[in-house]
Structures are given as structure tokens and as C-alpha cells.
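Listed after this line are the structures, all set down as C-alpha cells.
Same chain, two partners: subunit A is paired with subunit B first, then with subunit C.
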Partner chain A sequence: MTDPVIQTQGLTRYFGGKCALDSLTLSVPRGCVFAFVGRNGSGKSTTIRMLMGLLQATRGGARVLGYDCAILAPEARGRIGYLAEGHDLYNWMTVAQLEAFQAPFFPHWNKALFDAVIEHFGLSRSAKARHLSRGERAGLALALTLAPDPELLILDDPALGLDPLARRALLEAMVYVTRRDDRTIFFSSHLLADVERVADHIAILDQSVLRAACSVETFRRCVRQFVLQFPGRPPTLPEMPEILESFSAEREVRVTLANATQQTLSRLAELSAAPLREVPLSLEDAVISLLSRRKQRGFFLQEVAS
Partner chain B sequence: MALEFHISPGGSVPIYRQITDQINHAVLAGHLQSGDALPSVRALAETLVINPNTVARAYGELVRDGVLESQQGKAVTVAPRRQKYTKAERLRRLEPALQAFVSAALLLGFTPAEIGAMVERRLAEFASRTPGKGDGRD
Partner chain C sequence: MTAFGTMLKKEFRELLPGAGIVLAATSIAFVYGFWRQPPIEQAVYSGWGLLESTLVTVTLLSCCASAAGLGFMQFFGETRGDLWAFLVHRPVGRGTLFAAKAAAGVAVYLLATTIPLLAATWWSAQPANITAPFDARFMLAHATNIAAGLVFYFAGALIARRQARWFGGRLLPLGLAIGAGGVAAGAPWFWGALALILATAAINALAAAGAFLSHGADRPQPWYTRAALGLSLLAGIAAVVTFSAGIVASLLQPRHDYRNTFVAFLADGTAVLQVHERYAGPRYTDLDGQPLDIVPGTAGREVHMAHLTVETQVLQQNYRECTSYYLMMSHEWRERMWFLQRATRRLLLYDLRSRHIVGALGENGFHARPEVATPIPVLVRHYWTTSLMHGEDRVFMIEPEARELRTLFTAPSGEVILAAGTFRVGDDPYGGVAVATERNVYMRQQEAGPFVALARPNFEVGTIQVGHVVDQATFVVRHAPPGFNWGLAQPQPQRVVQYVSAEGQTLRTVELPALRFYEKLTPTSSVEEAFSVLLPPLLPLVGLIGEQIGRGPGPVSTDVVWVLSLSLLGGVISAVLAYTRTHRASMSHTGRIGWTTFSFLSGIAGYLLLLAMHTVPARITCHACRKRRWVCRERCEHCGAPHPQPAALITEDQVAAPVPCPIGPNW
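== the complex of A and B ==
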């Protein structure tokens, strides 16, 4: 196992009396595509801004590429490609002018890559940023982020507001970056089908607290749904820590479980009049189930050490 | 021969499973023959716009199951047909599909004779499409 490219330790941020991020401890291995998921306001952007040194932590800390984020040197910053939420650009410049302005800040500027991304998104070099559509702005911002050939890409909701074609172009660019297996992508998104396409790992924030950090595959294996059947009206199920949520219907109860053991399943099977039936879940269903458990914060999914 | 993959993320079937299902099906239907090369992990990942590790995992699983073969530095190819499971294990693996098929057919009101005839017809189709039967090593 190589060194993590991002490592946070109890990273915490308050805005006044409001906690925006509560003791985040997270490790992102080199060479992976890491998805950062959670509802609006759950603390994703706050985390990313602290990683980039744009916001001070109230408590705790973070290291990116081995450097302390609070005092990120320009040399370190040059090795990180950061795409801020909303694709901010200097609106009065043309595509060509933006490239000419940006390139000298970086030791390696891959002009061929910049041109390829621009072309991929169908942009003209003489177009002014102000006149670009949202998808085109995303393409331009992405080209500017990828051209310095960064070791680590940090993308804050890059798919926000993109049409399906621009979204696909973005995903293609992300898959392209993985051609080099020492390149890492850390991105936040609400689009779980996209996460499923490109991500190796997933971390889920809920109300400022980390609720899962593991491979996408492990996550899907940990969250499962079963149907219990009853002859008449279903009884109330006993309190079980593994139950994320349950729905009662006429003669059945549908339960979503996290980290269920064989013991959990036998206990549920005893209650049911018929053998438990498993309902395969999509990644989106699984994430929604995890986030629906509002009050209990102790729940956590992670890679089981093998 | 070219195999067209169709991936739909967002469903309940993981992407790697969609790939293994499609390759298994293509092999069984004779669209892929023993010795045929599959696209490289990188090429398929870029075509389908998915994480290369997902493709690698699907190929790895099929190599383990003896459906595909991979040699260092060479393309992944379709393995000669051979049986690596015991009879009991094969029965165990077939059971869920058999159960689902028989229940569905009976529920839809087909008679046992009709069901038998349908299976025979389908098997005949596969047999006519799969030349080189018995090219396995054992």
C-alpha cells in the first residue's frame, strides 16, 4: 500500500456556532478514483476548501500529497488540479487568452491535452468565457485543470448543471486521466450512476459526519434489502442496530440492513412466515437508505480488514 | 468477432456483473469462440466510459471461472470449453435459474409438455449456432 494522497485527521470546521464538518478522518489512496457523496450542506465543499488551504480548520488537520493543507506551498498547489464548484472563469477572456494566462503558472503545461479537451467539448479558441454555455464552461474549466498534468485532481461537483453530453464528456476525461495509474481523482457528486461508472471508492457525509468510507463494491455488499412475509398485518420489528430503515405493507415488511451478519438474517428469518427474500439494490437506493437514518449517527461502514 | 457491450449504470446489477453476464452469454451463444480475443481492459473501459478496475475485475472473475484465459503480455482470450466444477456444484449454480424458469412457466399456464418442447427448441438453436462442439481439452 502506498502513501495516501489525502489524509485528514479529525478535520473540523465551525461557522459561528454551526458545525459544518465534524471530525473527519479520511484517507485517499494514490491511484484511485474517489467519490465524495452527501446531501447539499453536508460538508463536502467545506472539506474540499480546507484541503485546498482556502479555509482554516477549527480543529484537526489534513495533509495533501504529504503537505500540511493549512500552509500549502505554491509548489504543492501546482501538483493539484482543483476545479471549484460552479466553474468560475475570467469572463472577459477568450478560451485562448485564458490558456495563455494560466499556462505560465505551471512548470508542465500539456498544450495537446488542453486542445484535446477543448475540442472534446466543442469549444472555439476565440470564444469569450462569458458567452459559453454551462457545459462549455465546464469543459474549459476542466481543460485548464487537466493541462498542468496534476498528480491529484480535486473536483468539486464537476457535473453540476451539465447536460447529458457534457456529463459524458466529463466522465470520459476522468477515465482518460486514469491512464496513468499514479493519478488520483477526488470528486464530489450527487449523480450516483456516474459514481458507479468511474469510482473505486466512496465516502459518504451526512450532516457533517462521515458515514461510510470504503470501496464502492464493499458499500454495495454491506447495504442489503430483504422482504419478510407475514400471514396478516406485520408486527412491529424489534429494535436492531443493523436496520437502516423498514417499510410495512399489507403482508410484508421491507427492511434495509447495513453490516448484517448471518445472525441478523437468522433472527429476521425467524420472524418471517416465509424465507427471507433479498431485493437487489442499486447504488442510489443503498445511499438513500443509509442517509435516511437521521437520528443515529454512530453508524459507520468501512472496509473490513481482511 | 466484435462483441457489443451494453452497460446501464444505476440499476441493481453492478457493472462488472453486467459485463460478465454478457461475455458468458456470448460464449454460450457462440458469438465468441474459443481463442477469440477480448478488448484490452483499457480499451473496453474507455469505450464504455467506466473505471478500468471494473473491467479488470470482470475479466479476472471469468478467468477464474475458466471462461477466459489471460497470459502475461497477451490479449485476454476465450478459453477452450471445459468443465471445472463438479456435477454437484454445477447443479447448485443452475438451481436458481431453473427454479425461476419453471415457476414463471407454470405461473403463465404452460403445460409441462409445452415447457419441455420450448426447452428442446431452444437447445436445438444453440446447437446449430455453436460449431466445434467438443473442442475442449477434457
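== the complex of A and C ==
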């Protein structure tokens, strides 16, 4: 792993008495596409706002490109592209006016890139921001974020509320950036299919606490699903810390495990009437299993069914 | 284009609608003010033209309200949603962004208010529009009004950007702005008022800049912006505390009883005391305080006196009043009026119908072209100069028909005239003339009659009252102490009254008793005084010391002792509360001592400022010692334990060396 572009140490934020982020310690390597995943209110936007210096940490600290986030220097902001959640822009400005407003602030403004992105989204330069659709606004906001040629791109739920086509266009634009050397993308999202498509690293927040931070490949290796088969009604599985989720059907139980050891698999195999069968798990299913760990989804549905 | 220029351009474009609103509001204020101008006969007290009191008040309110609205809208629009992130995430200092926004806002505000002012000035300078002479300095009052708007502009910006509860401390910065508005409305000196207003504008500007730099949070900010924020909030807190206490006190104790006592003279020359009490008409007593059976206000009961203020005093000029530029003379009230133009010391004759200056009367006579008239050697020592004028050596008046000056009295060689006035003699309201010099009082009871001289007594006198008792053909001369009757709660010696014959002989002298002009009748332990507990102890203390220095060591009244004691009690309570709060918040030793001392000196306002400026972090139960600990500290302030680090379930490290899941089933 090369030097990290983002590094947080015990980053914590309270809003009054409510903990929005609890002791986040995270490292984002250079040159990766890092997905920041979690449910609503898990602290993703809070983390990003603290990384951008827009919010003070209650405790702990963070460095982005080596700069302290609490006092993010102007030159650091020049090297970071930030796309906020709502794609808020000055509604009265046209696309051309927004470019004219943004460009003088950035010494390395890439007009060709800006034009390419707005063309990609089919935007007219004379269109006012207030008249753009949600997807077009996202495209325009992305163009404004990409054109300064940032070293690090931080996107807060960029695909939120976009239709599939707009989402695809957005992802393509993001992939375009990663083709360039040493560029890093750190983005938060609810859309795990998109994450699976573009991300090579993932961090999962749940209830303000970091639950996973690794490469997507590692995550897939760690979260696995097995099917246990029984001749009759499945028995209640013994309590095992590795079990994230179990779902009981008529004669089988699907068990999702995290960090399963050989010993764990042996214990499960002993319970099953047939050899354990591993089921391929999509990233989305794996993340949902991890996040719904406490819900005991299988047991709940079983109770409802019975 | 530079980043600053780009930002300016964007702000100007965004502020266009706001500029239109400010321009319209200011223009409407001027139009309304001119439309409401009273007739010139009533303008003695209310002023005229640009300085008419309603106009000045309306433009002040308009400037303040529109500036506050402009500042608020300019900054509040970008605080919502993620527009704020879009604005500030760029490689320039946030100070530059704020400077550009503020520069654009201030420029737009000044432009939108100055244009109507210049138009109104041009309009009122046209001879046919206003029924009184014009002076370019009439603009100055509106200049300070516009300047006061700047304080409101930055207060609006601060309110928009600062994160605080709307029903808590968010609106407090308006306190300083309202104070600046008060300075604009009340301070009599232009440059002083302007400097004070600009200083308060700078304070609110710094506080707004601090809030902008810190995204609306109180920290982290440079020390000077935090200090400015503290000053701004403190002014607001003081205003709220004072206002609330006043309301509660007036609700609890609607009556505030007091008594004023004056010396008056009946038609036969008898000196009596006239007593005014709240909720009761004036009544008369003799000098010993025994009630007299006299119906107040009965025509002819009292002697009309000339008041000659002879004490040396600096004449307070108020740039917001017409009297600083022109004095209205009481001649030819109906169709023409005389104005003494103070700057040139010429008497302008103004035609009320044609609204033009007919000509000017100077030492060299009347001239149709005012600039030809030479200055009159007139001394303006009082604004209530009406028909009589005086220089150092003579008293004169205008002969309206002849349009010339007539000398009434020439001072003997070596004597300097200090004051002159008229008094009623019989049916003639201005029949008598009295003149005071440093040594004598000269009086005459009929036109063209001789002046009789009365040597002034050998003690300090502030005002000399002169009247005439027709039946006895005697003058009544009262020598009153300096300060006359105004605002004196302590007993004042009233000195003597002399009765002088028409030939100048002193017939008799009456000693007057010492009087309290103002006497409070409400009990000392009143509700109003109970609210002294809210006063900063520093105020009554400084007041007491000032009083002792001013009048020399003397007994302190019970009221003052009460107020001081209660405010000290308030200071002690505030200090205890502040110490407890800072101690619980684990503030540094210096911070604790500083806030405790400040809260003692500034009373409850200091403690409220502490609450407003320090967001107290949340507390949670320590996993180690089970006591409540601050979430903002790395280690527990009780046991020193660090916060527990929640372990991630899946990390790269775990892949390298798999370990059992550290999280139990209940995470």
C-alpha cells in the first residue's frame, strides 16, 4: 500500500448528545476507487464533511493529502475535487456562467475535460441550472468538480436519485478519472451495484461505527454464504460469532459468515445432512448481510411464517 | 479575472434584486418624510427639509431594516443545503470570499441608499420645494443613518451564518446594531457618531467574518473575531436583560411616583413653591411648605420671567437639528420669516409663499443679494433666541418693517453681555428687557425707557430670572444656582430673590430654601430597585465614584447603596454560576478565572455570554469508571481511560492473519 491520501484517527463527531461518527480510523490508499457504504444516518456524509473541513471533529483528527482537515489549506482544496450530496449550484447561472465563475479559482482548469463531460451528459451551455433535470445537474456538478483536474475526488452519494442512464454516465465519468495516474476517488453510496462495478476498496459504516475497511476482493473473501441441508425441519443453529445472518427455508438453512475459519465450517458441516454448499454472494448481498447482522432476519421471517 | 473579481461579479449579480428593494425602501422613506412635513410654523422643534424629525426617523428605520435584510439574505441563501460547500470549496482563503461578499454587499447597500439621499438633497435644495432655507450639511444626519445601516448589514450577515438557536442567541447581534442606531439617532456630534457607528460596524463585521471562516460554529476562529463576537453578543444580552427587566418591573410596579419642586412667583411678586407630582396637577405652597389656596394655571397668577443663563457653558450643537444651522426669529410669522444663518451670521428674510430668500440683513443693512450683507456681531449662546440678539457689547433686534437692526442696549465700557431676554409687562408679553453682564443686571419695564442696574451678588449664579410686578412697579430678580433646576436629586441652595424699584433701589431680599428638584416617592425597596441585581456591578460603582469625584466626598444616598448592594449580589451569583460551569466543563485555569472575573464585573450578562459562546459538549458514561465524561476529550477526566475503540469486523489485517470475530452477538 502506498502512502494514504486520506487518513483518519479516532475521528468522532457528536451532534448534541447524539453520536454521528464514533472513533473512525481509516486509511485510503492512493490511486484506488474507495467506496464508503452504510445506511442512512450511519455517518458517511458527516465523515466527508469533516474531511472537507466543513465540520469540526468532536474528537480525533484526519489528514487529506497530508493536510490537517481541521484547517484545510486553500492549496489542499485546489487538489481535491468535492461533489456534495445535493449537487447544489447557483440556479440563476447558465452552464457557461458556472464555468466562467468556477474557472478563475482553479489554476489548472481543464476546459476540454469540462466540455467533454457536459457533452457526455448532453448539456447545453446556455441552459440555466434551475432548468436542468436531476441527472443533468449531477453531470454539470461533476464536470465542475473534474475540470480542475483534482488529485483526489471526494463524492458524497453522487448517484443519489439519478435514473440508471444518468448513473451509468456518472460512473463512466468517474472511471475516466481513474484512468489517469495516481488519481483517487473516495465516494459514498447506497447503490451497491455501482460500488461493485467501479470500487476496488470498500468501507462500511453501521450506526456510526466502522464495520469493514478493505479491498472489495478481501471483503468478498471474508463474507461467504453456505447452504446447510436437512432431512426435515432445520434445527436452531448454535450461536457462533462468525454467523452474520441465517435464513431458514423448508429443508435448508442459508448461513452468511464473516471471517469464517476452517473450524467454523467444520462445525457447520457436522450439523448439515449433506456437504456444505457455497453460494456465490454478490457484493450487495454481502453488505446487506453485514449491515443486517443484528436484525436476525432469518429468525424473524421464520417466526412470521410459523 | 481574479478570484476576488469573479466573486464580486457573482455577488453583484445576486444582489441586484436586493439592491432594488433597498433603493425602493429608501426612496419611499424619503417621499413619505417629505410628504409628512409639517407647516413651517410648527418646524421650530421638528425641523424642516432633510432634517425634519419624522423624515430623519423614517430614513433611519428604513436604512437599518433594509440593510439587515440585505445582509441576511445575501449570506443565508448560501448556508442551506450543499451550496455552502460549493461556495467555500475552492483554492482561495475563506477570508477572501468573505471580503468579496462583504465588499459587494456594502457597495450595493451604499449605492442603493445614497442615490435616494442625493436625489432628496437635490430636490430639497431647490428653492420652491421646501418652505425654509437649505444647508448642504442637512445631509449629515442621513449619512449617519446610512452608516448605522452598515452595522445592521453585518448583524444580518452574522445572524444568517452563525449557528445558534433562533429562540436563543441567534438574534443577539442585533443588540449592537440597535445601539448603533441609537447613537445615530441621539449623538449630537457628527464625526463622533460616525466613528462610533463605524467602530460597531467593524465589530459586527469581524464577528460575521469569524462565523464565515468557521462555517457558523463558534470555534475555531481567530481570537479577534471571537472577541468581536463576544462584544456583539454582550451588547445584545445587555439589551435583552435591560428590556426584559424593564418590562417585568413596569408590570409589577406600574406606578413610579416622584415629585418636582420649582420656585415660582405670583402676580404680586410673592415667591412660592410650585409642586408637581405624578397623577396630580401642580399645587402651590409657601416657602415653608405650607399649602396655599391658589388654583393652578389661573391667568395672571404668575409673573412671566425672563431667563438669563449667565453661567459659562459650551453650547451643545446637534448636527441633526436645524438650529445648528439656522435660528428662526420671531418676526413676521405669517408671510415672511427671518432666519439667522449661523455660519455667515446674516439674517435671511424668507418668503413663505414664494419659498424664496428675499434678501439678507447684515451689519451694513438689508440687501437683496445675501452675500452682500456683512456678518452681524451676534453671539448665539442659546437655541431659544427669538426676537432679541446680542453681541458682546450691545443688544439689538430686527425692525421688520424697516428691515434694519435696532440697538436696544449698549453695555458700559468694560462689561461683556452674557445674556439678554424679554419679559411680560402688563399686557405686553415682550415689554420688558433684561440684560445680564458679568457684573450687573440691567432691566427696563417699557419701550424706550431707561435701564436700571442691579449689581450681581457675590456668589456663583447660573440663571438670573427677571420679572415685573405691575401693581408695585417693581422688578423681581431671582439669582438661581448653576444647573438651575435640571435633574438634581440632592437639595440645592436656591439663593435669593431681590425686589428692585423702578429707580434701581433694592427694596427687600428674600432668602429661598434649599430645594430638591426631583424627589422619588416610591419606597426604597421597590421592585425597580430589586432589578438592580441584573446590573453589572461595575456600572453603579463607576457612577458612585464619579459622583463622589464630581461633587466632592459626601454622604451616599440610600438608593445608591441599595442599587450597589443588589448589583454586587448579582455579580457574585453570576461569578459562582460561571465558575461552576467552567469547572464542570474542565476549562483551563486561566479560562475559569477569566470568565469568573468577567461574570462578576458584568453581572448576569457576563454569565449569559459564557452560555452563548461556549457550546457545552455532550457527556457519556465512562466504560471504565462509570462516571460521566466529556466526549470531546481523548481521556476520561476522572480515571484517565481512553475511549474504547470499536474494532472493525473485516479489515485487510484480518485477512492476513484471520482471528475470531471480536464482536459479540449483541453489537
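Just so we're on the same page, the second predicted complex is superposed on the first by the 293 of 306 C-alpha atoms of A that agree within 3 Å, B and C clash if a C-alpha of one lies under 4 Å from a C-alpha of the other, contacts with A are read in each partner's own complex, and residues count from 1 in each chain.
By our rule, contacts are C-beta pairs under 8 Å (C-beta built on N, C-alpha and C of every residue); 3 or more make two chains touch, one makes a residue touch a chain.
Please read all numbers here as calculations on a predicted model, not as lab measurements.
> Should the pairing of subunit B and subunit C on subunit A count as a clash or a fit in the superposition?
On the superposed model, which is not a single observed complex, subunit B and subunit C fit side by side.
> Tell me the contact category for A:V175 with respect to subunit B and subunit C: first, second, both or neither.
first
> Classify the contacts of A:A62 with the two partner chains as first (subunit B alone), second (subunit C alone), both, or neither.
The answer is neither, since A:A62 touches no partner chain.
> Name the contact category of A:L268: first (subunit B only), second (subunit C only), both, or neither.
Neither: A:L268 stays clear of subunit B and subunit C.
> Touch test for A:I185: subunit B only (first), subunit C only (second), both, or neither?
In the superposition, A:I185 contacts neither subunit B nor subunit C.
> Look at A:A129 in the shared chain and tell me whether it touches subunit B only, subunit C only, both, or neither; answer first, second, both or neither.
Neither: A:A129 stays clear of subunit B and subunit C.
> More residues of subunit A are touched by which partner: subunit B or subunit C?
C
> Please work out whether A:T218 is in contact with subunit B alone, subunit C alone, both, or neither, and reply first, second, both or neither.
second
> Rounded to the nearest Å, state the minimum C-alpha distance from subunit B to subunit C in the superposed three-chain model.
Taking the overlay as described at the top, subunit B lies 18 Å from subunit C at its nearest C-alpha.
> Following superposition on chain A, which residues of subunit A contact subunit B and also contact subunit C?
none
> Using the touch definition up top, name the residues of subunit A that touch subunit B in the complex.
33, 168, 171-172, 175-176, 178-179, 192-194, 196-200, 217, 220, 279-285
> Can you list the subunit C residues touching subunit A in their complex?
1-3, 5-6, 10, 13-14, 81-86, 88-93, 214-215, 217, 219-220, 617-618, 631-634, 643-646, 648-652, 654-655, 658-661, 663-667
> Within their complex, state which residues of subunit A touch subunit C.
Residues 10, 12, 14, 16-19, 22-23, 25, 49, 52, 54-56, 58-59, 70-71, 74-75, 77-78, 80, 82, 84-90, 92, 100-102, 104-107, 141, 156, 204, 209-215, 218-219, 221-223, 239, 241-242, 258-259, 261, 290, 293-294.
> Can you list the subunit B residues touching subunit A in their complex?
Within the complex, subunit B contacts subunit A at residues 9-15, 42, 45-46, 49-53.
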